[in-house]
Amino acid sequence: MPDPAQEPIPLPQILEDREAREKCGVYGAWGVEDAGTHAYLALFSLQHRGQESAGIAATDGKTILRHADMGLVARVFDNDSLDRLNAHAAARPRVAGGAIGHNRYSTTGASKLENAQPMVATFGAGDVAVAHNGNIVNAAPLRARLEGAGHLFRTSSDTEVVLHLLSAASAAGDDDPLASALAELRGAFNLIFLFRDRVEAARDPWGWRPLVLGVMPDGRHAVASETVALDVLGAEFVREVEPGEIITLNDDGLSSRRFADAERPLAHCIFEHVYLASPASKIFGPRTVQNIRELMGERLWRESPAQADIIVPMPDSGRSAALGYARASGLPYREGIIPNRYVGRTFIKPTGKERAAAVRLKLNIVSDIVRGKRVVIIDDSIVRGTTTRAKMDQLRKAGAQEIHLRIASPPIRNACFFGIDFPSTKELVAANHTVDEIARLLGVDSLAYLTIDGLKDVVGQQGAPAGDYCTACFSGVYPIDVNGATARDALTKNC
Amino acid sequence: MPDPAQEPIPLPQILEDREAREKCGVYGAWGVEDAGTHAYLALFSLQHRGQESAGIAATDGKTILRHADMGLVARVFDNDSLDRLNAHAAARPRVAGGAIGHNRYSTTGASKLENAQPMVATFGAGDVAVAHNGNIVNAAPLRARLEGAGHLFRTSSDTEVVLHLLSAASAAGDDDPLASALAELRGAFNLIFLFRDRVEAARDPWGWRPLVLGVMPDGRHAVASETVALDVLGAEFVREVEPGEIITLNDDGLSSRRFADAERPLAHCIFEHVYLASPASKIFGPRTVQNIRELMGERLWRESPAQADIIVPMPDSGRSAALGYARASGLPYREGIIPNRYVGRTFIKPTGKERAAAVRLKLNIVSDIVRGKRVVIIDDSIVRGTTTRAKMDQLRKAGAQEIHLRIASPPIRNACFFGIDFPSTKELVAANHTVDEIARLLGVDSLAYLTIDGLKDVVGQQGAPAGDYCTACFSGVYPIDVNGATARDALTKNC
Amino acid sequence: MPDPAQEPIPLPQILEDREAREKCGVYGAWGVEDAGTHAYLALFSLQHRGQESAGIAATDGKTILRHADMGLVARVFDNDSLDRLNAHAAARPRVAGGAIGHNRYSTTGASKLENAQPMVATFGAGDVAVAHNGNIVNAAPLRARLEGAGHLFRTSSDTEVVLHLLSAASAAGDDDPLASALAELRGAFNLIFLFRDRVEAARDPWGWRPLVLGVMPDGRHAVASETVALDVLGAEFVREVEPGEIITLNDDGLSSRRFADAERPLAHCIFEHVYLASPASKIFGPRTVQNIRELMGERLWRESPAQADIIVPMPDSGRSAALGYARASGLPYREGIIPNRYVGRTFIKPTGKERAAAVRLKLNIVSDIVRGKRVVIIDDSIVRGTTTRAKMDQLRKAGAQEIHLRIASPPIRNACFFGIDFPSTKELVAANHTVDEIARLLGVDSLAYLTIDGLKDVVGQQGAPAGDYCTACFSGVYPIDVNGATARDALTKNC
Amino acid sequence: MPDPAQEPIPLPQILEDREAREKCGVYGAWGVEDAGTHAYLALFSLQHRGQESAGIAATDGKTILRHADMGLVARVFDNDSLDRLNAHAAARPRVAGGAIGHNRYSTTGASKLENAQPMVATFGAGDVAVAHNGNIVNAAPLRARLEGAGHLFRTSSDTEVVLHLLSAASAAGDDDPLASALAELRGAFNLIFLFRDRVEAARDPWGWRPLVLGVMPDGRHAVASETVALDVLGAEFVREVEPGEIITLNDDGLSSRRFADAERPLAHCIFEHVYLASPASKIFGPRTVQNIRELMGERLWRESPAQADIIVPMPDSGRSAALGYARASGLPYREGIIPNRYVGRTFIKPTGKERAAAVRLKLNIVSDIVRGKRVVIIDDSIVRGTTTRAKMDQLRKAGAQEIHLRIASPPIRNACFFGIDFPSTKELVAANHTVDEIARLLGVDSLAYLTIDGLKDVVGQQGAPAGDYCTACFSGVYPIDVNGATARDALTKNC
């Protein structure tokens, strides 16, 4: 039991439990039958990267047809819209089937249809559509320069800046306008372009976000944010798109060129391993995310063991690490918390006395598993901490004798300028409190995080070299200058 | 009865009865309380000018909030959206209440949300929204020039070309970028701009479409397509916006400047008098449209009297002229045709034997009025002729002994490049048949149209000088060179 | 100008302008191809009788398929639902195509999907669907008796009482359970039943509402509320269904029996002539409603002439009578008021200063027609008077010098228990004020109503014998005892 | 590897993967503040028991207000509907807050709004609403008897039969009409009634489905299908409602009476332990479902061990048993299959070559966990087997060396007449094939099911006595005569 002298510090209120940490998903392919349906399946498999909006664009060689709307892939597309996309792509005479797709993650302010991607535009060289995952750090000065030259913007999105750069380079007679445009960008970006005669896929020189290349059974290629999309499409994983590379898919097959040298060191987002990517994907190396997360759990036990009876994961995000922690510790792994799979965004939050009930609704405690036990709870990370505290209360009321919370990543203390929608640092509990304070805030008997070194050791052995990761959200060390931008500014206009 | 030797020439099929002839409606005001609600009421009063989409934009002095969607004003806005617009406009510190609005007319191909207006954009000088009624004849070369200079377009709309011109002129350091941009445009346009600190309303130098200025009881000004909007808002009519004039409404009140001399002769659209404008509006002069249409009916009797028992209007469009025709002739005016007010766009057209019933559904004949009678039917115009023929059949079956069809405007034989969405000339019955042939096609005993001279006489006495009208759809005389564009091309991208 | 000493008595507020006076529409046919589509067209033609909900039921000889929903016919049905109904009716082996349909009028309280008709049920003799137009005055005691016998009710509707009576009579082994059930009903009712093997159409012994029989070109029969439905279907009018008659349509064609003698005198609803029925329908006799309304206008002139310059109808309901009034008076008939066709139920009523504008929106005054004139305004009736007053204000502000209001029916002073949804007598302006008071309330220079004798003279000469009408809403003389029920009670559960 | 001589027997096709096995959820309470919101939270917690429709009824002491619609709880209710229900319940003068709720499970044929519950009706004793979970075996003869007595039915639902019995008993002057009506029913039923002055909750004499009683912090009682609903509401579990008992909640608190003796032996549905109930609920005894399922897994190991490298659960339904199996075996528990949480009912099933991709979409295999391994897959049950086979194929393609499938319940070989929506026995794979055949059909190296004795041992020790369970779906031994009804017949009209 917590020392009565160490009363939990009151949190302002238990408000909002969705701590959005998602990222966009992108896809592109050329020469694929039923191009719309393939894109639809790929987007479905990447739905965990973005739930705000979804869209697909396809070309018949003359024009680009786009279908996009707010909401989940399942809501955005129906038989009619897929049929239209399939037919449009199939109308191209020689090699048909060019399409790209995009899932957008959820933000609050800029959540509107105008921002749904792919974004479509026309310029001197014809029509183009683009799907973008990332965040351009120098978008503001680029945009100012373009506005100074008379360019007219229709949205506040980074993505539109990229298209304007392309249009300007093209009008200026540049030999490779796309490469020239991309070379101006700083930040995290995967960009999939659809032109009338090709798909072009580019990855930033730092390799921030994952982007993989696969080959379909019929020899056609596809690019996607994660390997799970390749698995679903029946495609073999070929390799990652390299940092600074442009891959072109067209009637002649695949070709590659560079728009920039890869930066050294690279800046893979370590939070992809921690939370963002699907457990079944292989990113930044040959091992699955599930596997690496289990190893994080093992390392967490070695760094911060606990005297306890059982190990219980916070479902679903803590399950992989909890298995590793239990394995290393030899303590029993028990599923003592059952999530309610039906509580989503449309849940009406009661305002009266039922608020506590609403919080309880999200998780059901299996009482005869936790009652009277010393319980280790494993979760992947803590953002604001408000919902974690509510969950700890619920465990305590269900009879847990001791609660030892172990987090399989370091404290999140810094803004991300490269595409993760953390709340402002004011709201990040670890940016404002010590670990001891957080333990008291959450009302747990002990709290420990995985160390940055521990995390880097694990990913360094199983993923990319440890030095090739961006750990800014944990360490505050930003791989590139962020120009004094605030995270909020950055994020109001990103992917 | 028609001569058996003159069998009706079979029409290919009774295809589409909506012969869209609508035009957009625009509105703007500055400093008006509940700015969104006022715009909403104005758009409701101008709904007859466009039913495809509706939108309102308002500014708080810093940003522009837009709400627009497909469908009728009644569908697009609800309490929430109006409250948001009102609150946004009310947030401006000194003089609040800047808003503009737009009703878009219905076309088939380009009917989509992306084209709903007002259109919003950002450029070097800040945000701007624009509502556009008209058609820019030289949009294509202007766009080509802009694309050549690296401009990126997001839609195929003329309206976006205008904004790019403004942005380019602004970036080039022009003293009056708006005036410079407008001076480049040829064609029909009323453009209402909303900036953060003002509304600017411009009318093309030919004065193609009506645009009026009114003053509210509290001294604030408003501009709108027709005087009925002023009536609804309780505003006094001040004057027309002059051809070639820009009117600015801002915190200091009203000011005016010219971006071009008025063209001589002017080119008021004579079809506004015939069909487009509300009967209760005063356009191109001090008389109401209702009044002028009655006079067209009187003139039509003098030009083409008929030996008949009764005068029956085709409701609702032929009623005004029928009253004039009856008055001049001394023959009884009878309401022998009752329209079904519920048959709109969502009506499911049966494909089997019920097609004939579906045609009958639109009008009910009052049989004891027409049976055994020699009937003069008055309508305002004929476009394709297909639905007119079905109506004539129905009258005949209801027992009309003779049918004399009189049309209160000349035959429509030519495309409009200035904003009216006539079908292609292939489908215009009068472009392909003589009046005698049309009479046979329609199965009527006699047919006569008002002459162009007759029409010009009437409007010349009651509206603007006869020479100040564009009569191209009737006469084929286009006031300006139309650059070889086809009507279809023009219309796919206009207002 | 009104005498300053006679200031308008302030009305509490301008509340609700829709003064619902609609009635249900019913239809039934047997052996008709595309049975669903035919019912759909019939309901469309009867839409003026009810806009709250619509429904069609069809049988395949084994089961009954119903599609019904809230809203206009155009909204309730789409291609899918019509296809399903057509296919279901077509599946009957020998003679296919049995279907009935129903439009429900709008009330406020009981406006819900459960009450949408046709109502479907199952009892000992199989499935049945019923469409009902009317109001059963003795529904409450019948229901009490049935509940006492253990019957369970699922709605508060009169219509369900009818089905329970049928079920009880059937279980009791009655020879003609339908006739026995109908014989128990007192009040106004047209009931169209769909059984697996037939349609049966019954009309109350008083003949309150119109119900007509027609024959299709292929010899099949149809019944419908008004002849306009027959016109649309291409059916010939045969005769009215007689008061107290049941008409059966089945595989053998048409047969008829009586469930009751016709009451003498009959009780045709005179308000059908005044307002409810379509101008193009013939009801209660061989003349169209349009024709009779014109004669009411002529009679109104003879009873209450006015010294005036022009006659202006209140569109659309006053147009027929205004033509008659103008014809009799020799004064010019002018269309000085233009209705806004887009202001319907979804209009958002402003709450602030814009309320006045919202009232103005419904009608536009053609100023150069009314300005400086002595105007006679003709309307069909006045219910609450609130909207009429707003319209008179608007005319005055548009410059009418004198306003003489003439109403082509007597003052409505009494509740209707037979199916018209008048507001409570507290809200009926003529139930609480003298004609002089009403004139002052409305702010008109003179006001006159058609007399009851005048109205009866006109319908007596052109429709049914004058004594065969129910005039209760005007005269307070109820043809049958209404059991102390209040109009509100009655109406919460009717058609 | 399967013996080449034992080629998988081709299954007709991989059609439909949702093998609906859900059951309804019910709730009732009296005297609870914000009665609608409490019901909403309870329904949310019981959502796993039914996803087709949801509804809540509340009373103000005079009338019953119901809100129900198709779809998930999250879709059916919004702030407006909950506010209305809360306000209606709060309007009762003395003790306010009576409400009941219902989730309906999904079937295909009878899936329509008319069947959404609670069902509301009126009879001699006033209004009543009822929420029903179960299936009445003798509904058909009861209904025939009632129809013979003149009762009129509005739906094909069992639930309406119950209300008719209540109405008939009430009209017959029975002392306790509810008890008399319930005494006539045979089968599985939990019935929650809402009257104007009380809630009454009844459970069938066999105790088929779980129904629990809890007490809120303020002393008020609530009944619900499972204890998870009590947990969410913050209520303490008191006891199960007893088989044959009626519990009344009214202004005086709680009272109880019996309408029948409990049947001996009882007939608790053993499939609730296997699949239906929430892992966090305690049903038929003091242990959680999660706990018992783990023990089933342990028993399964002892009955059917496998020579293997890892134990992998089929998520989410096989997870509990897999943990028990792994624990007993000492083999590593690995999460090698990741479900896609976004593939729900609205997923568009591709018809072409993408069908295989669509199957893969539901699960992602963590390849470096299963590759080259001898894998034991644990699932809770097999119904049709078609989707299981697709999943085994996917595992094999991901590199699993051997697949040993273990099912934590016996083969399902018989129809359920008591409320579980199994497909027809023709489609139940175990009703038509031996275990060896099924292994070949599924393409697995070995297959074993838990024995009936093993299952009964586990539940007998941890739940109710082993003899008090209905095991008909496994054993074919039906606790009561099912009157020759087929499962399909039964299910078209149940809960």
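Letters are used for the chains, namely A, B, C and D, taken in the order the chains are written, and counting of residues starts over at 1 for each.
Everything below uses one rule, namely that a residue touches a chain if its C-beta (ideal position, glycine included) is under 8 Å from a C-beta of that chain, and two chains touch if they have at least 3 such contacts.
None of these values were measured; they are calculated from a predicted model.
Shared contact partners of chain C and chain D do not exist in this assembly.
The distance from the centre of chain A to the centre of chain D, each centre being the mean of the chain's C-alpha atoms, comes to 36 Å. Mean C-alpha position of chain B lies 61 Å from that of chain D. Under the touch rule stated earlier, the contacting chain pairs are A-B, A-D, B-C, C-D. Every residue of chain C that touches chain B in the complex is listed here, in rising order: 33-34, 37-38, 40-41, 44-45, 47-48, 72-75, 77-79, 82, 228, 231-234, 278-282, 286-288, 290-291, 316, 319-320, 323, 327, 332-336, 338, 340-344, 346-348, 350, 352-354, 356-358, 360-361, 364-369. If you check the complex, the residues on chain B that touch chain A are 113, 120-124, 147-154, 156, 160, 163-164, 166-172.
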